[in-house]
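Each of the next two complexes has subunit A plus one other chain: subunit B in the first, subunit C in the second.
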Partner chain A sequence: MLKVKRDKLPQVLSVWSEEAVVYTPQEEDGVSTFRPWTGQAEVTFKPGSTVLPPKELFFPRTEEMYRYRVEGQAAFLEELSLPQQKCVLVGVRSCDARSLLLLDDVFLTKGYVDEFYRRRRENTLVVALACREALDTCFCTSLGVDPARAEGVDIQAWEKDDGYLLQATSERGKALLDKVGTLLTEVSEEPPAGARPSLEVDPEGVTEKLQRMFEHPFWDDLWHKCVGCAACTFLCPTCHCFDIQSENRGNEGFKFRCWDSCMFAEYTRMAGGHNPRPTRKERVRNRILHKLRYFPERYGKLGCVGCGRCLERCPVHMDITKIIQAIKEVALDG
Partner chain B sequence: MNKITERMRERAQELLAKGEVEWVIGWEKGSLWYHSSPAFVRRPEEVERLIWDDFCANNLAKYLLDFTQLEGKVALFVKGCDSKGINRLLQDQQIEREKVYIIGITCPGVRDARKARGKGPEALETIDLEERCTFCTRPEPVIFDEIINTGEKLPGRGEKEPRDRFTEVERLLALSPDERYEFWAKQYERCLRCYACRNVCPACNCRECIFDRSQSGWCSKRIVKTENEFYGLTRALHVAGRCIECGECERVCPVGIPIMSLHRKIIKDLNELFGPYEAGLDTETPPPLGTYRTEDPDYFV
Partner chain C sequence: MAESFRNGNPLVPQLGRIINIVEETPDIKTFYITTDQGKPFTPLPGQLAMLSLLNVGEAMFSITSQGPEHLEISIKKVGTLTEAFHEAEVGQTVGIRGPYGNGFPLEMFYGKDVLFIGGGIGLAPVRSLINYCIEHRDKFGHLWIIYGARSPADLCFKKDLFENWPKVENCRVDVTVDKGDDTWTGHEGFVPAFVEELKPTPQGRVAVTCGPPIMIKFVLQVLEKLGFKDDQIVTTLEMRMKCGIGKCGRCNLGSKYVCLDGPVFTLAQLKELPNEY
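Then we have the complex of A and B:
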């Protein structure tokens, strides 16, 4: 296995920076997220996932889609150039690596390809970092995510006390390691054991159960504490809803898309004012059903990766592990 | 079980069993020892869910807006700060006094759950108080039908005087306008427009918020710095003179924006312009911006 000494890591990042923007988890004002590495000599990875997930590097919170202009009777469209920037994302945890695969399902499969997303995904290499330590709110293993080995990434890294073990897991990852070959040494060390999250839930059978629970009184009691904000969905690495609107100035304007949340009243409000999800009850039900029923029905996997961000930063600690457990305990007739 | 919890369950049980109230709103335990969460109880046999501990930070007053159509009464537990939220809703004519049964808790203080991350229950005493508790001058509720007072003191703060709540505002005021803009721009750059701050706020009680009408043309749904700043300023000005300083908005912000510094700046200005005023202490004194007196300063007219 290859290894980079801790003090050599900045040099590795520096080589990669020659052709790409290198992102690392960085904390500012107490909030960690992936930010461009700008040559900092100190590169540290705190245990667990970042407060903000890496999804916005592929699916920004707001992006322009095209511009338009009207002159007399004629209308002109201006396409925007697709994202070109090459990126290397360093330090992605297994939960977030899985979330990218789920976003791929949404944005790249079933007959529709989102070009903005596809370009960013193709332009970005992902270096995963195994978790030695879980946060109190991590429950990835319950969803079949292995904290010690990420899925669908280009390089897997494991932190040791004096450096990082590295293994290429794709052709592109191998090329990336070759570029920094002189900074790496071949060692016969074993990767350290992965974290063991203490929070656990068994989601087995929850999808089938939910298929029979749309009208169940279970939902009558669940929603009260939810305040209907979007903290859970905006922090969730797999939530991917967006709205498309336009902004006009005189004869010209642009279309943009921005994150939207099924927890908002406006989300399902139709022309004329009717809202098929009139209260927080229907909205909470939708969030849970989307993650645990609709996503598996459409893509064959659960829409949650067990990162625990929602239950940690929800103003009322609405807890998806408790909800899964409660769903399993609901008694259905027949 | 602590004495407050014991008393809470007892009273909730009685009120529900006698049919005096239809719902009791309190707190229950989450999955983690430092997570406490609002609880809604409607059957006497469920009162065992109710708890009081160092993490019962959520202000429950806002939930009363969910029960305005209910025929019967709702009981809820309030700390000192939360009780001002009830006055806020009463004064704003959002709820009816007769339909609420208020059980006050003389608050021993609550701690900052985010600071407990990664620690075990044995570390309880080392976990900081919620910021608002360090400023708190009124742990005793200002409005209640009955009170639970176990004589406990604020942990951590002990017998110390409350901190001066304008210290941070003054620090920001000492910056140059450019530096100050830099500071706020950096904060609002990361605002997600999740509206958690608005949704927990008892002063944000409009039936429909302008920010839920993104096609009105007044505000944009684009999550970008300038629009986020517009949101933050609009909300700050909309709660001006009505903010009860419960600090919930800042506590729940998932990205840690120091919202209270903005609100406290406005409170400081109002105090200087119209004389000292603390919102939510009673329902009679009109908020400074909700009334007109001939001696009000009028230099801007």
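Then we have the complex of A and C:
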């Protein structure tokens, strides 16, 4: 196995930076998120995932799609060039690595390919970092995520006290390691065991159960405390809803898309005022059903990766693990 | 699948222009749209288009008809974008992307008698199927169109209703208005009650209905009473839409996206989905 000493890591990142923007978890106004590494000597990875998930590197919060200009009856449209920037994303946890595979299902399958997303995915190599320690809110293992081995990444790293073990898990990952070969040493160490989150819930059968629970009184109480702030969806690494808007200045402007949330009333309100999901009851139900029933029905896997962000950050402590448990305990006749 | 992925991004429209405008009713106009390269794309009956005025906005519309070089879209004036369309004149540049949605399940209609029930602007999507049945007349049995609007002035596609369609072989057209005026000699009353009076039989027949939600609701009850089964009834849904390609999440009905898996559903399919529309 290859290893990089802790003090050599900045040099590794520096070599990778020659051809790509390297992102690492960093604090910004006290909130951890993936930011471009700009040569900082100290590169640390706190336990758990970043507060903001890495999805924004592939699916930006706002993204300009095209510009236009209007002159009388005529209109002109200027397309934007697709993203070219090569990136290396360092320190992605297993839960977030799984979330990227789920976003791939959304943006790259079922008839249409989202070209902006595809380019960003293709231009980005992902270096996953195993978790030695779980947070109280982590429950990834319940979703079949292995904290010590991420899926669909290019390099898997394991943190040791004096450095990081590294293993290429794709051809492109191997090429990336080759580039920094002189900074690595071959060691006979074994990867350390992954974290064991103490929070657990068994989602087995929850999709099938929910297929019979759309009209169930279960939903009548659940939503009362929700304040509709949408923190749960903005922070969720698998939430992918977006709005399309334009910014118009006189006779020119641009069209952009931006994150949106099914927790907002506006989201489904139609011209004429009719709203198929008029209250927080229907909206909370939709979020839970989307993660646990609709996503599996459409893409064959649960839409939650057990990162715990929503339960940690919800101002009223809406807890998806408790909700899964409660769903399992609901008695249905027949 | 969309034919024109300009730059690979399906969310970027083509530019087209309005080449003809037909004033259907005081608040509905039909726009003929083409591009420098000809017809923007060739939709199936019941498919949709995202149409925009670049500096105003973008919305989903049914493609009500098409010619060799153009698409026809009927727009009811209800808000910002639709009002701007009503003020637009021939020559106006528009953005258009599509075709979206599944369209009508044509196999289901082949060899059958078809009953079309429309209300108000709801005739727009149904009209694309009526015209298709007329163009491929030998593939379908008897065609029966039952249509209603609030008043005689609000009847959409009058030329089709009173001239073109009644001339088609083995085709019947019945029109009603909620309330007539001095000149109206036709039927008065709501569409569902009119259907009940006319008593179409379910044998060998498929029914297609589209209109205001309240009309659809009562038409479905009447059809059920007349003996139509859930898999003999087809309807189209409207949900708020943004992307049109099953990604933005907005138009979900359970695990289906209406923009991609709909907007056309049989009643049997709808009953399998959460009642959330």
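The rule is simple: the second predicted complex is superposed on the first by the 334 of 334 C-alpha atoms of A that agree within 3 Å, B and C clash if a C-alpha of one lies under 4 Å from a C-alpha of the other, contacts with A are read in each partner's own complex, and residues count from 1 in each chain.
Simple rule for what comes next: a residue touches a chain if its C-beta (ideal position, glycine included) is under 8 Å from a C-beta of that chain, and two chains touch if they have at least 3 such contacts.
This one's a predicted model, so the numbers in the text were calculated from it and none came from an experiment.
For subunit A, the partner touching the most residues, choosing from subunit B and subunit C, is C. By the touch criterion defined above, A:185 lies against neither subunit B nor subunit C after alignment on the C-alpha atoms of chain A. Of the two partner chains placed by superposition, subunit B and subunit C are both touched by A:243. Shared-chain residue A:297: touches subunit C; no touch with subunit B. Of the two partner chains placed by the overlay, only subunit C lies in contact with A:73; subunit B stays clear of it. In the superposed model, A:274 lies in contact with subunit C only, and not with subunit B.
Contacts of A:44 after superposition: neither subunit B nor subunit C is touched. With both structures placed on the common chain, the touch criterion links A:85 to neither subunit B nor subunit C.
In the superposed pair of complexes, A:228 makes contact with subunit B only, with no contact to subunit C.
Comparing the two complexes, residues 243, 260 of subunit A contact subunit B in one case and subunit C in the other. Residues of subunit B touching subunit A in their complex: 30-32, 35-40, 58, 62-63, 66, 117-118, 186-187, 190, 192-196, 198-200, 212-215, 220-224, 248, 251-252, 254-256.
Those residues of subunit A that touch subunit C in the shared complex are 65-66, 68, 70, 73-77, 79, 82, 106-107, 110-116, 214-215, 240-244, 246, 248, 251-253, 255, 257, 260, 262, 267-272, 274, 276-277, 282, 286, 289-290, 293-295, 297-298. For subunit C in complex with subunit A, the touching residues are 1-2, 5-13, 15, 17, 54-55, 57-59, 78-79, 82, 89, 91-95, 213, 238-240, 242-243, 245-250, 252, 254-255, 260, 274-277. Those residues of subunit A whose C-beta lies close enough to touch subunit B in the complex are 29-31, 33, 51-52, 61-62, 135-137, 199, 221, 224-225, 227-231, 234-235, 243, 245, 247, 256, 258-261, 264-266, 311-313, 315-319, 321-322.
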